[in-house]
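Below, each structure is written out as structure tokens.
Two complexes are shown next, each including chain A; its partner changes from chain B in the first to chain C in the second.
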Partner chain A sequence: MFDRVEAFYRPGTVREALRLLQNGKNRARVVAGGTDLVVEADRSIRFLIDITHAGLSYIRRRGKACVIGATTTMATLENSPAIRALAGGILARAAATCGSVQIRNMATLGGNLANGSPAADTATPLLALDAEVVLADARGRRKIPLTAFYSGLRKTAPGKALLIEVVIPALPRGGRWSFQKLGRTESDISLVNAAAGLQLDSKGRAKWARIALGAVAPTPIRAVNAEKLLVGRKVDESTLAEVCDQVAREVQPITDVRASAEYRREMCRVLVRRALEECAAGTGCSL
Partner chain B sequence: MKGRCLVSSRKDPEPPAKPKAGFSRRGFIRGVGLGSGAVGTGLLEREAVAAPAPANVVGPGPVPITLTINGKPVNVTVEPRVTLLDAMRNYLDLTGAKRVCDRGTCGACTVILAGKTVYSCSVLAIDAQGKNIETIEGLATGNNLHPVSAAFVNHDAQQCGYCTAGFVMAAKGFIDKHPNPTMEDVKHGLGGNLCRCGTYMGIRQAVVEAAKEMKGGKNG
Partner chain C sequence: MSSGRTVVGHNVRKVEGVKLVTGGPAFTDDIQLPGLLYGKILPSPYAHARIKRIDTRKAKALPGVHAVLTYKNVPRVPHTTAGQAWPEPSPYDTYLLDSKVRFVGDRVAAVAAESRAIAEKALRLIEVEYDVLPAVLDMEQAMAPGAAVIHDEPDSKGIYDASRNIAGYILRGIGDVDQGFRDSDRIFEREYRTQRQQHCPLEPHITISWLDGDGRLVIRTSTQVPYHSRRQVAMILQIPVSRIHVIKPRMGGGFGGKQEMLLEDICGALALAARRPVKIEYTREEEFYMARTRHPQILRMKMGVKRDGTILASQLTVVATTGAYGSHSTTVQGNTGSKVLPLYRAEHMRFECHVVYTNTPVAGAFRGYGCPQGFFAQETLVDEIANDLGIDPVEFHRQNVIRLGDTDRLSAQLGEGKEGLPRIVRSCGLPECLDRAAAAIGWTGKRQALPAAGHLKRGVGMACTMQGSGIAGIDWASAFLKMNEDGSFFLQTGAADVGGGADTVLSQIAAETLGVSLDKIVITSGDTDTTPFDVGAYASSTTIISGGAVKKAAEKVREQVLRMAAKMLDTPVENLTCGDNRVSAVGKSATMTEIALHSMYKEKTQIMDGASHFNTDSPPPFCATFAEVEVDTETGKVRVLHMATAVDPGTAINPAQAEGQVEGAVAQGLGYALTEELVLDGAGRPLNPNFLDYKIFGAKDMPKLTTILVETDEPLGPYGAKSISEVPINGPAPAIANAIFHAIGVRFRKLPIRPEDVLRALREKETVADDQCV
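Let's turn to the complex of A and B:
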């Protein structure tokens, strides 16, 4: 599959990886789990820079934030007690649906994001969690919101930068969370996925809301207008209907071999409704 | 993919590449540093002059590596691009793992790498160094089948048999982590393996039975 690959580099540090990437022109590619690269079989790749030995596999608490290293595997995320306890376990749940066991044992969080797929299962919950990503390049490190990381279909910000880690900031108190996925099978690529976060005030009105969707736009997206519509209102039948209508207006799904745009749009309504209902019922564990 | 042959009983026809004569890594790096484009361009050009080639560069050209397969160290010389699957099949005569989709979908190439099931078509051989690789060839003890293999026989859990080696390894990896599975757990846990003959029912029954058998602890 890596037909044209000539040399393989295994940098032991981020700095070394960056230097290699800098010098590799367009013929070097960063590889972690390699599960996407194998399928892509890009014949312009001459050099692989394997970053799985660069010390980026970790899950840490930093102050009130949770920090996840870029080469942390899906299997690690789905089994980590810290990630399972974080925000109702939505990230763990998403990681657990990211392909088969064999894929999840290799595939990494950083790879899932940096590959730039609009259907990346972990991107959707991370958007709902207001996650940020730390990028490193020759000039240093910078932290940007995940929303800014995606710049278009299969396009991400880095260029010659390397995605180092994902930062999940402190979560709203009493937040309720949900992740929903629709695919042909549970571990297949998402036709649509959705994540929601909800904080209710003492009267049961939405005080804070997040609605994120995957596979229905050029990048994973937040349905910002639907969130605005929800805030300040009781989460009842009529609100849900209005919010889901707004979600359907906000997404831009396409028709492909897996589903039609119309079907995807309709499923956005269904999944967001399920997600918000699960949040409102508090059946996903709250923090 | 050149030379893919789905139904041949012989090995994949892709021959092991011969080392290019007179070609060394250091020579490559120096050449690139001088602006030669013989092999490729770019990587490491600046530090190549100042520092010796770092030990963590592999290739270009075939490199000697040591794989630990079923507990035994095996030496092989492969190009960095060679996958673990191709290294086993084309260089080491271990043809149990099958090359079917060669793109991390079907599971016929499943092996257990450092205790985790992986698609060997998606792992580079050089990256599998230092980890124990369990393959179908190492499962039986003498003439005694592993309980998973025996259960596959008992339940007629194959038809053409092409996916079987991968399924057996995936099943072993699954049972190692889930000693007490239900049919539903098995269906979920073996979702990364496909059987085009459709023998899933037999396979699931076999895995549940094998798990019970293995709880005795003899081969667990």
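Let's turn to the complex of A and C:
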């Protein structure tokens, strides 16, 4: 499938990787774990630039933020005590649902985002976590919110740029979190996934809320109107019903061989409800 | 059943196990040939079209291309690809290459080139102009007046009614169903639908073909039917059987999909044209739609019962589609009647089936061979009847199922494409299967448990099934044994081990009969030059039929060994016994090595013999499948918690391998019940020909499995063995459907039972309930 590839590079630094990417023009592609790229089998690729040795595999604390290098694997995220402790472990849990053990040993966080799939399982919790991404190109580095990273179906901001790391800023105090995924079997691309974050005030009203969904729109999305509905209210049955109705209005699922749009829309309600209930109960994610 | 036996009934290691786990060369692809070319088939992009113009000049001119074949430069010989005994009961409606294509994926042309990339490029350079014809995709419309005729060619043979797209028609019965229904207190009738399932073998179809030093065509191939393939390739390529050598190496599964001469003909044709070795290996995608599938069916099942639960009459009316070609069309569908209805002792039975052509991927043999469809209908209906009459389904089964000593008269009506032979139940562990599987699942307690609050509902369900062991009067096999100087024996058999462990089982039978340890048997199998004839691996026949041949051959050789020992030990043969790698009489003995050396160098005699074997009956293995499920009423997802399967395989020659067969069949049955379906779009193109979109049950999806072997002693089987590889695949779908009903009170009559369907049905049920309240 890569019989047209002329060269395979394994740069040791980001600078070197960027130079190779620049030189390769449209025919160079970055490869990390290769679990999307190999399946895609794009015949226009002539140069592959393997960035897994460019020093981007790390999980660090930077001030109050948690920073994750782009080539950190799903297996690492799944098992990292820091990530399991972060925000009820929703990112670790999402990573743990990606494919099989073999896939998770190869698949990277950066690849999951850069691939631009609306069903990317780590994108949803990262949206709920207000994550930002650091991009680098020949002109330098810039940090943008993850919401700005996605520009359309399978379209992402990097273009010629390299995704360097993901930054998770300080989290609201006492935040409660949940991640939910629905697939047909245990190792499946999400039919729908959802992540939620909730901060309650002393009276049990939502002070701050995040609701994110995957696989139900051209990009992973936040249901901002549903979030707004929630803030300032008690998380009771009638609020949940209203919020879930709003979520169902905010998503734009499609029908394909895996599931119908109607079913996906219905599942958005179910998963968001489950996520918010889990948040409200404060039980957090269990791995 | 292993009392006194030293090899049979023991969990010996798979004879080729070390080779497999150490990754040594074993499979078809594990060979390197100088000058090997890559063969590739150009698949039709249309479901139904005539090739108006095909120009291969550019492809031929491409450097590295060594052969390009189209219908214009190959022989046109009508045949069937079904790997069945001659004369095959499937219609001769297939051609090596044709000027008409009948499904998306049908062969348009084939090339052989120096690399895969060049072969792919050559395919793109073939210019084809199609005259696109209306396609028939829906099996219910295939017979309608005005439907496009798929097989309008004049030279096909054995099609029931080509003008109406009917590949085959079956109508059989016993008694008088109408009378039976009149005598019944209650009549139940329902319609069921089953889907297109693919075998998904780990190793896709692969064939490598070349001309040996003598100019004979060698075909190294992953097949369940080496001998049938040799005969069919000879006919299609118009060369003598004697000029073909088929070799079946180790296989990565077949599940029926390789009871088919699928790539052997075209690969051989390319090798002959290129005069170079050629390999064709299907990609996973090609395997999904260019190989074979299970036959989709629409089944209408009607049963008449007495108030006390006695079944008086059963009637099954089926429309099935065989896809574009009639491979296994009437035989698979025949089984849907003959192996399913006689599970019950009803006096009156009627089975009618139309097998129709559609412009869809070709259906063929698939583990269960028509039974999973039939049992899904029958066992779901029976559960409904039992519930309706207020009888526990297990009790209902006990009351109605076929028993030891019974004769199944329907089988006599429904043989392999012709009148069959009556089936007599000479061994039957079904009552014990029911008891033990019910206990394993915790039936009584769970049936009575109160429904849980919340959105997770649990239920248990069950089904009983049976199968055959070889095709009565048709399947036959032979085996040959010769003794070596060290007291070991070469065993040659045409049987085709598909990975299920036939070589081990056959070696065990030989070792047991000769009184030697397993390491003294060296087996060669599935090679048409060096092993004697065998129909191949299908119809659950290998253990009983090939095993029967091995046992007979071993008995003859044992006679020779004993006679030789009698001379050596100066003792009458009657006083001698074989065992422990020696022949013994009271007070004296000779080792097998001594006997072999004596025979060869003193008596100048090679101890050797062979035997052939067939049965006039096909003893049924029985199975009880129990399932426990948990239904999420918010998502519609069904989680299977526990599958308890009890099987009566006769004697389990190798219990561990037998259990492995059950577990594998259950995994495939779970996919059939809940997730697997090859979906086509409105133009007949496959929408999910890959494992991301077509979901099979993986390791993480598997529920708790309890596998119980209820051994019986079958008089017609070697050491009492029947079969095990197919029967356990029949039960999961109905057992799960019944468990879902128990959990949520909704019946599902269409497979697979997808979360969406469950959710929709739950909503409809709520609506109905609400309406009733008003």
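Just so it is clear, the second predicted complex is superposed on the first by the 284 of 287 C-alpha atoms of A that agree within 3 Å, B and C clash if a C-alpha of one lies under 4 Å from a C-alpha of the other, contacts with A are read in each partner's own complex, and residues count from 1 in each chain.
By our rule, a residue touches a chain if its C-beta (ideal position, glycine included) is under 8 Å from a C-beta of that chain, and two chains touch if they have at least 3 such contacts.
All figures in this text were calculated on a predicted structure; none of them were measured in a lab.
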Superposition on chain A - do chain B and chain C clash or fit: clash
Which superposed partner A:W177 touches (first chain B, second chain C, both, neither): neither
Chain B versus chain C as contact partner of A:M267, first or second or both or neither: second
Touching partner for A:D3 - first (chain B), second (chain C), both, neither: both
Partner chain in contact with A:E186 - chain B first, chain C second, else both or neither: both
Contacts of A:Y150 with chain B and chain C, given as first, second, both or neither: neither
In the superposition, chain B vs chain C on chain A residues touched: B
Chain B and chain C footprints on chain A, overlapping residues: 3, 39, 100, 185-187
Contact set on chain C toward chain A in their complex: 115-117, 634-635, 637, 675, 679, 687-688, 692-693, 695-698, 700-701, 754-756, 759
Parts of chain A lying in touch with chain C, wherever the complex brings them together: 3, 39, 100, 182, 184-189, 257-260, 263, 266-267, 270
List of chain A residues in touch with chain B within their complex: 1-12, 16, 19-20, 23-25, 27-28, 34-35, 38-39, 41, 46-48, 50, 53, 75, 99-103, 105-106, 185-187
Sites on chain B touched by chain A in the complex: 1, 25, 28, 39-47, 54, 56-60, 79-81, 83, 102-104, 107, 110, 113, 116-119, 121-124, 126-127, 170, 173-174, 188-189, 191-193
